[in-house]
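Structure incoming, see below.
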Amino acid sequence: MVTKSKEVPTATLLISCPDQHGLVARVVNFIDANGGGIVHAAQHTDVDSSLFLQRVQFELDSFKLKREEIAPAFDKIAEEMNGSYTLHFSDRPKMAIWVSKQDHCLLDLLWRHRSGELPGEVVAIVSNHTTLQPIAQQYGITFHHIPITKDTKIQQELKALELMAEAGVELIVLAKYMQILSAENMARFPPTINIHHSFLPAFAGAKPYHRAHERGVKIIGATGHYVTADLDEGPIIEQDVTRISHKDSVSDLVRKGKDMERLVLSRAVRFHLENRVLRYGNRTVVID
Amino acid sequence: MVTKSKEVPTATLLISCPDQHGLVARVVNFIDANGGGIVHAAQHTDVDSSLFLQRVQFELDSFKLKREEIAPAFDKIAEEMNGSYTLHFSDRPKMAIWVSKQDHCLLDLLWRHRSGELPGEVVAIVSNHTTLQPIAQQYGITFHHIPITKDTKIQQELKALELMAEAGVELIVLAKYMQILSAENMARFPPTINIHHSFLPAFAGAKPYHRAHERGVKIIGATGHYVTADLDEGPIIEQDVTRISHKDSVSDLVRKGKDMERLVLSRAVRFHLENRVLRYGNRTVVID
Amino acid sequence: MVTKSKEVPTATLLISCPDQHGLVARVVNFIDANGGGIVHAAQHTDVDSSLFLQRVQFELDSFKLKREEIAPAFDKIAEEMNGSYTLHFSDRPKMAIWVSKQDHCLLDLLWRHRSGELPGEVVAIVSNHTTLQPIAQQYGITFHHIPITKDTKIQQELKALELMAEAGVELIVLAKYMQILSAENMARFPPTINIHHSFLPAFAGAKPYHRAHERGVKIIGATGHYVTADLDEGPIIEQDVTRISHKDSVSDLVRKGKDMERLVLSRAVRFHLENRVLRYGNRTVVID
Amino acid sequence: MVTKSKEVPTATLLISCPDQHGLVARVVNFIDANGGGIVHAAQHTDVDSSLFLQRVQFELDSFKLKREEIAPAFDKIAEEMNGSYTLHFSDRPKMAIWVSKQDHCLLDLLWRHRSGELPGEVVAIVSNHTTLQPIAQQYGITFHHIPITKDTKIQQELKALELMAEAGVELIVLAKYMQILSAENMARFPPTINIHHSFLPAFAGAKPYHRAHERGVKIIGATGHYVTADLDEGPIIEQDVTRISHKDSVSDLVRKGKDMERLVLSRAVRFHLENRVLRYGNRTVVID
C-alpha cells in the first residue's frame, strides 16, 4: 500500500522516461543524498513502448531541499534521463464535484470525505440542476447552479471553469454529471475523473444498462476514467463488475449499478488523490 | 440447483409462450395428473416481451405416459397456450469437441467428462490440425482430422457435419476451434457452443487480449455463447472475469485467460447438457 | 428475480414440510382454484433432511379469498402436508434500526430506504449513544436514546422492545449496534438481522479485522445473519468478500470492510423484506 | 508483475530487517555499484513489527560478481542492516508433487508445468497409493509409491524425504496428499505448500465442505499455505472463494471446490517459484 501522508509530510515523484540502465539507482540516490527517507518506491517498465515509469514517495522532514528547491534540482536528473515527471506534496488538493440530479455518488463521496478516506478538500459542488443543492447546504459546501442548454453549453462550462480556477480546484469529479463536456473547452479542464456505468469498452455511450439487458450479458460493470475529448475513451483508472441474471430487470441493473458506481468512482478518486496514478498514452499505471 | 438425473430417469420440458393467467397451474397439473413427481420447476416472465418461460423436470418412473407419448399429449396444451416447447430426457446426449491446436479447453472438458461432471458422452474430436490427436488416442475417443483451407472450408465443414450426424451428435463444442464457421452451413449445425476470450460485447473479433492490453482495461473476461451466423453475437450462456493490472503483459493475459476459458466453457456446456438453458431472441435464460 | 410488489398487491406463502409426492401441484392448485395469478413459484428440497421448502407469490386482486380468509383456508392443506408456513402480504412492514456510534450502515440503509430499494418503513432508530441522533432528525425518524450499562442492559433492552412493540416493528436491523443482546430477552425480539464484520465462521467474536490481519488472510468478508442466542452463530442470510494484501493495514481493512458491511447488510435486509428468506434449522434458503 | 526469468539470467534478493533510514538506497546501490540492472524492486514495511521487507531482482549478465561471490559480498550489508536474506537465481528449481488418489490438482500442475507457466522442474511424484501412477508414466515423471500406515508413517516419510534429497528437490507440493505430515519430521522438509479446501481459518481440519454445507455459508474457499507443525495454521500464500447457494449439495461444493483448489494451488506454487513470497512470522508478503 502506498503510504498515505499521515504525520510526516511527504513528496511524491511520478516519473516516466525511456527504459535504460541505472534508473532506479539514480532516483533513489537523489533522494538518499538529500536525506529523504523513502517511504514507498515502485516502478514499472512497459515492454511494448520501452517506457520506464516510477513512483517514489519520500519524507520531507529530514529532506535537505526546501519544497520549492526540489523541482529545480530534479530537473537536471530528468533531463539526463530524457524523461518527464510531476511532483506532488502530501497536501490535500482542492477538488470539486459536478453532478446532475442523481445523489448516490455525491453522497458517497461526501461521506468518504468526512470519514477521512479521501485525502482532498471538497470545495465546491457544481450542477446544471438545483436538485442536489440541499445536500451541499447540509454539508456546508459551496453550490454553483450552472444551468446548461444546447446553446449555452460552451459558455456555461467556461463560467464553471472560472469558478473552479478561482477556488483553486485541482481535480474535478464528474459524479453522474450526465453531460458530455465540450471538446472546445477540454484543454481548460484540470484532471477530471468520470464514472461510466458500463464495463468499458462494452456499452460506451448512452443507456448502457438498457443495452446490457438487451444483449443478455451475464455480468455488468462500471468504469472510472479520466475525461478526454473522446467520449468514454479516456484512460481507465478503475473498473469493477457484478453478476446479473435474466431475473434482473433494467431497474435491477440500475440498482446494482449504483453500488458499483459508488465503489469504482470513489476508488478512482482516492487513487488519484494519493498520487498513485501515472498516465501514459491512453492507459494508466495505478501503483498499489 | 436443478436436480441432475441420478438414479431415477426424468423428463424436462422447456416451454415458452405469451404470458397469461394460469400457466404454472396448467403445466403442473398435466404432470401431476399423469403421476409425475416434479423434481424441479422454475419460471421466468420477460417483462419487455411478455414472454413466459418455464422449466419443469419430473420423474419418469411413476409417469403414466410412455416416453413417446409425452410430446403428443403435451402438444395440445402447448397449442392452447400458444407456445412452443422442447422435451428432453435425462439420457446422456452425444457431443463432439472441435479444436485447433490449443489443448487447455479440450483437456479440461475431457477431465470433467471422465469425472462425471458433464452429463453427456464425448463421441468425437474434430480438428483442422493433428496436434491434439494424441490426446484423443489417450482418452480412446475417435479423432477426425478435417484440414481446412480458405477454398475448401465449406466442403470440409459439410464433411465434418456428416460425421457428426452419423455419430448422432446433438451438441458441438468449439473448444478453441479458432475458425469462423461458414454462414452457408450454419443451419446444418446442431446446437453449438463457442468460447470467446473476451468479455463480450467488448473486444469481439480477433486478438481480444492484445486489444484489452492496449486499451488498458483493469478486468478481462471470457464468454461462452451459442454460435449463430453473426460472429461473436450469439446468445450468451455464461461469462466470467478476472482482474488484471499494468503489471500483466499480453502473455499474462493469455495465461489468466486460459483459466477463465476453461471454467466458462465447461459451465456453459454443463448448463446446456442439464437442459437448463432456454434461448429466446438473442438471449438466454439459464435456470439455476 | 422475485417479483416485487408493484401495482398489484400480492401474498406470499413460505412453506416447509416433509418431502412427498405432489406438493408443488397441491399448493399451485390451491392458488389457481381461488383465481390467484402466480407471479413467482420456487421450491427446494433439502436432501439431507428430506425437507421440502416452497415460496409461492400470487396476485390478490383477482383472488377469491379475502386476506383474512387465506390462512384459515390454507391451514387444512398445511395440515395434510404435515407442514408449517408463514403468510406475508406485499405491504411495507415496519422496521427499526439499532445503532451505536458508526454511521456508515445507518446512512446506507436510510439512503436505500428513500430510494425505494427497501420495501419496508423505517419507523425508529434506537441507540445507546446520541452520536447519530442528528441523522435521525435530518431524515425525520423517531430517535430513542437507550443508554446501556452492564447492570441495566436487560432492563433497557426490555424498554426498547416495548417501544418497538408500540410502533408495530416487525424487523430490527442491528446496523453496527456493537452490543451483544441479552440471552434472557432473545425470545422477545422480532426477527433481527445483524451485520458481522467477518466471513463467518472465521473470526467470530471481537476484533475480526485485527485478527484477520494477524492471521495473514488474503481475503476478508462480512456476514449478514439472523440473531440468535448464540453469538455470531445465527442463520446466515448473505455474505461477501474482498481481496486484501500485506499492503493493507488494519485501518485499510476497516475501510474496505465498511463497503462490504453496507452492501451485505442492505442485501440481507432487502431479501428479508421481499419475503425471500426461509429459515430451517440454522440455515436459510434465499430464493432469488 | 515480477519480471520472470526469460533470456537474461537474474538473481533475486529477499531481505528482511528492522526498519531504518536508507535501506532502499543501500541495497539499490550495492547492485548498481556492481553493474546489475534492476528489473524489479519492491519493499514493504510491516508497521506493527517495524519490519522492513524487500525484494530486488537484477540481471546477472552485466553483474561484476560471480554467482558464488554475491552472498559473501552481501553478507556484510545484511549484517550492517541487522537483517537476514535469501538469494535466488532464475534457474528452475526441482520440485516434487505428493498426491493421494485425487487427480485434479496433479493434472493441473502437470499441464501448467508443460505449458511453461511454472518456472520449476517436476522431478518426482510421491503417493501412498498407486492410483495416479499411470499419470506419472504418461508424463514420464518418476513415481514413488510410499504406502503409509499409522505405524509406519514416520519411517515412510523419512524414506520419501531421502528420495527427495537425492533428487535435489527444493519444493514439495502437497496436491491433495490427504495425510497430515508427522510433526517429528517437519524440520526435515524443504519448503512445502499445501492446498486446504476451505477459506482458512474457517473450517480448518477435516471435511470442510460438509461443515460449510451444514453451517449454511454462502461462499466457500480454498487456501494455499506453507506447511508447518500446526495443521492448517501455516503462513497463507493465496486464497480464493466462490459463491454457493442452498441449491448446492455437498457434491456440488466438492465440484466447485476442485476448480478453486486447482487455481489457488497453482498460483501459490507459481508465486513461490518466482521468488515472490517472503515469510515473516506466520504471514507472507506476496510481491506482485
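To keep things simple, chains are lettered A, B, C and D as they appear, and every chain counts its residues starting from 1.
One rule holds in what follows: contacts are C-beta pairs under 8 Å (C-beta built on N, C-alpha and C of every residue); 3 or more make two chains touch, one makes a residue touch a chain.
These numbers were taken from a predicted model, which means no experiment stands behind them.
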| item | value |
| --- | --- |
| C-D against A-C, pair bridged by the larger set of C-beta contacts | C-D |
| Option in A-B, B-C or B-D whose residue-number contact pairs overlap A-D by over half | B-C |
| Euclidean distance of C-alpha centroids - subunit A vs subunit C, Å | 37 |
| Length of the line joining the C-alpha centres of subunit C and subunit D, rounded to whole Å | 42 |
| Touching two or more other chains - residues of subunit B | 245, 247, 249, 288 |
| Of subunit B, residues touching subunit A in the complex | 44, 46-47, 199-203, 214-219, 221, 235-236, 238-241, 245-247, 249, 281-286, 288 |
| Touching residues on subunit C, where the partner in the complex is subunit A | 1-2, 103-104, 107, 111, 115, 117, 138, 245, 247-249, 252, 255, 259, 263, 288 |
| Subunit A contact footprint on subunit D (complex, rising order) | 21-22, 24-25, 28-29, 31-32, 37-39, 41-43, 45, 62 |
